[in-house]
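Chain IDs A, B and C follow the sequence of writing; residue 1 opens each chain.
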Amino acid sequence: MSLIHAFFAIVRRDLLLAFRRRAEAANPLFFFVLVVTLFPLAVGAQPNLLQAMAPGVIWVSALLAALLSLDGLFRSDFEDGSLEQLLLSPHPLSVLVLGKVTSHWLVTGLPLLLVAPLLAVFLGLPEQAMPTLWLTLILATPLLSLIGAIGVALTVGLRRGGMILSLLVLPLYIPVLIFASSAVDRAASGLPVTAQINILLAMLLMALVLTPLPTAAALKMSVN
Amino acid sequence: MNLESFFAMGGYAFYVWTSYGITTAVLLWNLFAPIVLRKQLLRQLTLKQKRTQ
Amino acid sequence: MSFIPAPISRFFHRTASPPHFYALADKLMPWLTALFLLLLIPGLYGGLVMAPADYQQGDSYRIIYIHVPAAWMSLFIYVMMAVMGGIALVWRMKLAEVMLISSAPIGAGFTFVALVTGSLWGKPMWGTWWVWDARLTSELILLFLYLGVTSLYGAIEDKRSAARAVSILALVGVVNIPIIHYSVEWWNTLHQGPTVSKMDKPSIHISMLIPLLLMAVAFKVYYAIAVLQAAKLELIRREPSAQWVKNLLEHKA
């Protein structure tokens, strides 16, 4: 089996598994919507205030939703032993890891795009910011999955890794948060956002190349 | 240079001396905690060795 | 490693073996302590007594003599940890793992000191205890990175695996630090506008600079002392039943 085939086999397998547990796949979405709903309740429903906070609130919630969904990335494979099989395969582990992250993103990251307009309406985000919000979600959610994969791989062997996972991963998410929310913020006031989008794109490309390596190394450590 | 004006730090005594105090405390802790813990550990290991002999 | 001459690699492996290292640390300790005091005392005297008060900030600026060296150390130690992590991952050298783990609390301590002194300096200068200034924010994130390292090491029970995990994390962190730093700086210029940047002066008078440099070097020597002490503890903790520890106990008794 060639490397490309192995990659797509992993993606297909994980998508199939996710499809069998469709109910679970909706959880990050509910979480995303729920967290955003909490903000107007907490700070009051003044339209100006909400509008000013909207990019930040949406992005912090997206970050938390991504964080919450991370745990499922390697957990079940670790428990049923298929992770060991992956390690034994002749293909480089980092490519297989990339396959797993891809399918994970397709299941948990991409659906966030569907509810984003709803949340923008909730918070009164101007319509002109919508395309930018989508664009940042497309560029930055895979980034969150890729960076988060390192943290998951480091903590998958722990019984209670959840808290440590967030401690490890959230500081690394900060640049993504800064550029993504600032892009949406600028778009809302009609300013150009090319710089932010370019930086997000550059970070995504860098993460695609660099993050699978430590993830693979960390998985080897966790399984042994 | 009299001592009183030195300690007064031009009215900023609280900020300056608190900074220096906290720094000293943290640095001393990081230096002496391992020493104390090592002494304890060595004492325990000696006791254990005596028991097994 | 074939490209490293055999005598050199032999020397490294011998020095890196726990009993040798332990003895070496003991031998170095008095020299390092003397050097530390030689740097610290003139540094403090020069900074607190000799250097004139700042024309804008008065005597409050004297916090600089611990704040800035501590901030430098917080970054320096993280980079050192990443270097140790790289060595530990490539050559599986146990001593590198021990040094990495021993450095983490010291680095976290310096980061904490930089934050607290920054805040104590900021109170009279800015009027509040905390400002979302780019450098303070970066320092806060650095503290989180340190805490991540120590809590990950504490959570994994098998210490060999824990050391590998922490090595990977330190390397990932060190790649991210510049990205975090520049993004925070960029974010700061965007949101903050022209804030009080009294803290960064283009030029610093020589009578202020010399104590600052003395303190910076003194803190480096302190790090060497503290990390050796912590490493001695960690070495015994790791292999309490090794022969060299038994010899050590008999020697002491």
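In this section, a contact is a pair of C-beta atoms (placed from the backbone, for glycine too) under 8 Å apart; a residue touches a chain by one contact, two chains touch by 3 or more.
Worth saying up front: this structure is predicted, and the values here are computed from it rather than measured.
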Review point. Mapping chain-to-chain touches, which pattern fits: line, ring, star, complete or other?
Key: line
Point to revise | Contact pairs, highest-scoring chain pair | key: B-C
Point to revise | Gap in Å, rounded to a whole number, between the CA centres of subunit B and subunit A | key: 43
Review point. With chain centres defined as C-alpha means, what is the inter-centre distance between subunit B and subunit C in Å?
Key: 17
Check your understanding: Taking each chain's centre as its mean C-alpha position, how far apart are subunit A and subunit C in Å?
Key -> 32
Check your understanding: Can you list the subunit B residues in contact with two or more other chains?
Key -> none
Exercise for review: Quick one: which residues in subunit A touch 2 or more of the other chains?
Suggested key: none
Study note, to complete from the structure: Note: in the complex, subunit B contacts subunit C through residues 1, 6, 9-12, 15-16, 18-20, 22-23, 26-27, 29-31, 34-35, 37-38, 41-42, 45-46, 49
Point to revise | Touching residues on subunit C, where the partner in the complex is subunit B | key: 48-49, 53, 58-60, 62-63, 66-67, 70, 102, 105-106, 109-110, 112-113, 116-117, 120-121, 123-124, 222, 225-226, 229-230, 232-233, 236-237, 240, 245-246, 248-249, 252-253
Review point. How about subunit A: which of its residues touch subunit C in the complex?
Key: 150, 154-155, 157-158, 160-161, 164, 167-168, 170-172, 174-175, 178-179, 182, 203, 210, 214, 217-218, 221-222, 224
Point to revise | subunit A-facing residues of subunit C, complex | key: 89, 141, 144-145, 147-148, 151-152, 155-156, 161, 164-165, 168-169, 171-173, 175-176, 179-180, 183-184, 186-187, 190
